[in-house]
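In the two complexes that follow, subunit A is the common piece, with subunit B as its partner first and subunit C second.
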Partner chain A sequence: MNSKTSNNIATGVIYVLVAAVIGILVFLLGYILWTGIPHISGHFLTSAAQSFRAGGGVRDQLFNSLYLLVLTLIISFPIALGSGIYLSEYAPNNWFTSLIRTAVEVLSSLPSVVVGLFGYLLFVIQFNMGFSILAGAIALTFFNLPLLTRSIEESLQDVSQLQREAGLSLGLSRWKTITGIVLPAAVPGILTGIILSAGRVFGEAAALIYTAGQSAPTVNYGDWNPADPASFLNPLRPAETLAVHIWKLNTEGVTPDAAAISSGASAVLIVVILLFNLLARMLGNWMYKKMTATR
Partner chain B sequence: MDEIKKDLQNPSKATHQDYFGRTITYICIAFVGLLVISILYFITTRGIATFTANHVSLWKFLSGTNWNPGLLDKHGNPQIGALPMIVTSFSVTILAAVVATPFALGVALFMTEIAPEKGTKILQPVIELLVGIPSVVYGFIGLSVIVPLIRHTFGGTGFGILAGTLVLFVMVLPTITSLSVDSIKAVPMFYRSASLALGATRWQTIYKVVLRAATPGILTAVIFGMSRAFGEALAVQMVIGNAVLMPHGLLTPSSTLTSQLTTGIGNTTMGTLPNNALWSLALILLLMSLVFNILVRFIGKKGSLKK
Partner chain C sequence: MQNYSFDDTHIIDIPLEKAMTTENLQVFYGDNHAMHDASLEFPRYRIAALIGASGSGKSTYLRCLNRMNDRIATVKGKIMYRDTDINSKNINVYEVRKHISMVFQRPNPFAKSIRENITFALKRNGIKDKNELNKRVEESLKAAALWDEVKDELDKSALALSGGQAQRLCIARCVAMKPDILLLDEPASALDPISTAKIEETLQQLRKNYSIIIVTHNMQQASRIADYTAFFHMGHVLEYDETEKLFTNPEIKATEDYISGNFG
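Moving on to the complex of A and B:
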């Protein structure tokens, strides 16, 4: 076989592999949306789940997912921002920094089930919180922190060194330079990172099974007092999310229309995550255009 | 006079601000460090309780094939042999990586060598979407498409290592692909120019130069993919069958470390032997994740020395 033929064959094989991967994605999305969209209706999104009868909805699970997402971001963003600033701006080049970097790497590569079990051990059992949204949000924070920290650090690193020098040469303190110059310039990157991590948090289930729990008690959506056990805002109630709901229906559920509900719920999950991705992309592009001279 | 002296000798307002800001970031990073240490500490102390409090021998735990933590065998020893789960976990991980690597390399080469602009434009979103699909959705599709498909083609229940491999392969594909792209992109352009100038075809250049130079990076990518596959819980748990048996082939139901953990923790009481045994499984997961990390580091060092 001469080299031209093998070149053509190899190129052909690569094209086939690429086509296969695209085909897999098209199949996955097509399957979820094709089987799931017909089940999504106003009723499906606004009624409570049923354990033993068909026709249940995902109202509480959907709300729990969103609530958990908001809580997680509220907890994890400040910590990730601080750590990101430290790693990008303050960290000296020594053994301590490399130790910290290793720790962040280890945290990001830990299986999410291990992180969930740690949350279970510490919060649900040790601190006696029980299965609660708060425990779930903290576990998700652990899961989210390294990824968010790294994306914030990268966005800060992308800001030109000249901007920092300009700030410092004007006599500003390091901190003032960071908060006044570097941080605003990094906002588009940071926002994109947050939205992408939100997508991941929204679909995560393994870390939640033993922290936020697997039950969705009926809550009163008119009760705005977070301290009231029946309130939908109460962070100490157990809360099954959409992703956990899908898992539970397919493993130990006895609901007769489990397949229909899971495809509907999967479609909702995918649509929300697609929206997050689209939003991140559009926001990133828009901010980039707005803050630079690109047209 | 004193005022000026004071101004000059004491830190200015800006310095105080900087101290303040610096302290905040130190606290944040210390929190992250503390978190990692406490995860390691808590899981380890729980995980070794099987061996220290319940006096099970480590070797029996790692090599035994009977997993029935509530019961004793005829010698009066608890039946906690984790070998079936360890074997299954490694099989699905390695098989998934073996299946995924050619696809990942194909996509990566397409994006870097064959059609850099068009390829990146089309394939970058494809990879991002594959990452974005939650693991329960992968599990659900595995359960409703792959498992019945295997059942019809090969018989049996359809649950097992093959189903787990097929689901995991798609899940690790984006990880391996995007890291491989990075490492192939890092190969200097003049390597390619030199090879092409010698009359090599594009494939010869790719195979003999680019891939060789990018090998450490690609290995790192594969290991990252394996580490994701090893730790993946729910998607695997939904298609593997969850029977703690030594796997006899790709088609018999079995159980991975993660799937046993997710099903078991809720059904056992804290502090009892069955529960401790599960924490030992979690410890194995943790240690393996550290091993993958060390491997990546090791390869990174070796790879950079060669340049």
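Moving on to the complex of A and C:
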């Protein structure tokens, strides 16, 4: 076989594999959107869920998902940023740091049910938090940290060593070099990490069933005081997310339109994730341009 | 390769005011003894060139002079600058680098605008006044012979500059800090001949106000711009003399073989 034929065969195989991946993706997305979009309406998005009657919406679940994401990022991003900077810029290459890296990886491969039960026993019961968004956010931080830490570490590593030398040779301290030069150049990579981990947060159900709970109490969207139990911002209230809602509808849903709501909620979930991706990218590009003056 | 004696050296003392000197400088990468006993004197407001084959230790030596080898290698011996040994432990290396600045082989502008490339370090060092910053930007870009090419696009990304322009920006960035000494590590080796000529022209201008030490592969470059030249070979400085003398009438066999191309 000459090199031209073998090249053609290899290219063909690669095309087939790529087509398979895209095909699966298009099929899944198409199926979810096709079955779900007809059920999405203004009413569906702005009304509360119903336990027994038909015609419920996903307003609270949708908000809970977003709020949970924000809380999770508020908790996990600073920790991940700190440890990412440490691992990339300061950590010497020895047994201790490779232990840290291994530990971070093990953390990411924990089954989510186990993390959920752990969160339940420790936060919900032991720390007396009850089923709450906060307990859910802390549990999700366990998943988020490895992903975020690794992606921050890697995007910092991708910034050329020359940039660090340039900063140091101008008499800047290492810290100023990292925060002023390396970090801004790493923004796109860090952003990808945030988007990936956000997808995980939106889609997670098992860990949340035991921590954030399965009920979405009626909250007052006009009450901006997070300390008030009725406030939509109260982090200590139980909060069923979209993903948990979908799981519940499909396992123990008793409303007559459970299947329709589940399809609608799935479509909403996917659209929200796509929107979040787009917005985060736009925001990130804007920040990157602002910081680096690239056009 | 022919074996040259490392004991056979010719290193002159400089009869001028000195910018900095090294005494018995030695560098170790782990067990690897990369630089042996380098004792050189560098005059003020002159250009000194360090030449030698790849791996001869000239870049390693240069990087010691503003402590860029910290955390990479062990450096022993004295580096005297203004009557202070800047190779001692209690020295603030960040302060040292404000006085002794370095330009690297590959242009490494920050991913920022041209203006910010220059003002970033200035601002971090406490210069907040807009007029002063603008003045420094203009002065340093003029000193690096880049002003006319970029004066209308100071807020564009520095990453869009050509290699030669980027390297001159890196020189301007150092000059803006008003250092005493400029260290240049093969600043033109990644550039085309026209950019190289511009860099050399820039260095000739800067020589009036700065002491310059430049590592170069290119012997023609050394003979064109340097007042003094040191020849490095396998981690030893074998010869250091006035450039013209070293190139026309070297004292050491190894130097003669290297500059006449009979090396290795």
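To be clear about the criterion, the second predicted complex is superposed on the first by the 252 of 295 C-alpha atoms of A that agree within 3 Å, B and C clash if a C-alpha of one lies under 4 Å from a C-alpha of the other, contacts with A are read in each partner's own complex, and residues count from 1 in each chain.
As a convention for this text, contacts are C-beta pairs under 8 Å (C-beta built on N, C-alpha and C of every residue); 3 or more make two chains touch, one makes a residue touch a chain.
This is a predicted model, so every value here is computed, not measured.
Shared-chain residue A:L29: touches subunit B; no touch with subunit C.
Of the two partner chains, neither subunit B nor subunit C is touched by A:L62. Of the two partner chains placed by superposition, subunit B and subunit C are both touched by A:L172. Once chain A of one complex is fitted onto chain A of the other, the partner contacts of A:V18 are limited to subunit B, with no touch recorded for subunit C.
In the superposition on chain A, contact is made by A:G180 with subunit C only, not with subunit B. By the touch criterion defined above, A:Q163 lies against subunit C but remains apart from subunit B after alignment on the C-alpha atoms of chain A. Number of subunit A residues touched is higher for B, counting subunit B against subunit C. When the shared chain is aligned, no partner comes close enough to touch A:V201: not subunit B, not subunit C. By the document's definition of touching, neither partner reaches A:L148: not subunit B, not subunit C. The contact surfaces that subunit B and subunit C form on subunit A in the two complexes overlap at residues 171-173, 176.
Per the touch definition, subunit C reaches subunit A in the complex via residues 66, 68, 94-98, 101-104, 106, 108-113, 116, 120-121, 124-125, 155-160, 170, 173-174, 177.
Against subunit A, the residues of subunit B that register as touching in their complex are 14-15, 17-18, 20-22, 24-29, 31-33, 35-39, 42-43, 46, 102-103, 105-107, 109-110, 114, 119, 122-123, 126, 128-130, 132-137, 139-141, 143-145, 170, 173, 177, 200-204, 206-207, 224, 227, 230-234, 237-238, 258, 261-263, 265-266, 270, 279, 282, 285-286, 289-290, 292-293. Those residues of subunit A lying in contact with subunit C across their complex are 160, 162-163, 165-173, 176, 180-181, 184-185, 291-295. By the touch rule above, subunit A contacts subunit B in their complex via residues 3-4, 6-7, 10-11, 13-18, 20-22, 24-25, 28-29, 31-32, 78-83, 85-87, 89-90, 99-100, 102-107, 109-115, 117-118, 120-122, 125, 142, 145-146, 149, 171-176, 178-179, 199-200, 202-206, 209-210, 214, 243-244, 246-247, 250-251, 259, 262-263, 266, 269-270, 273-274, 276-277.
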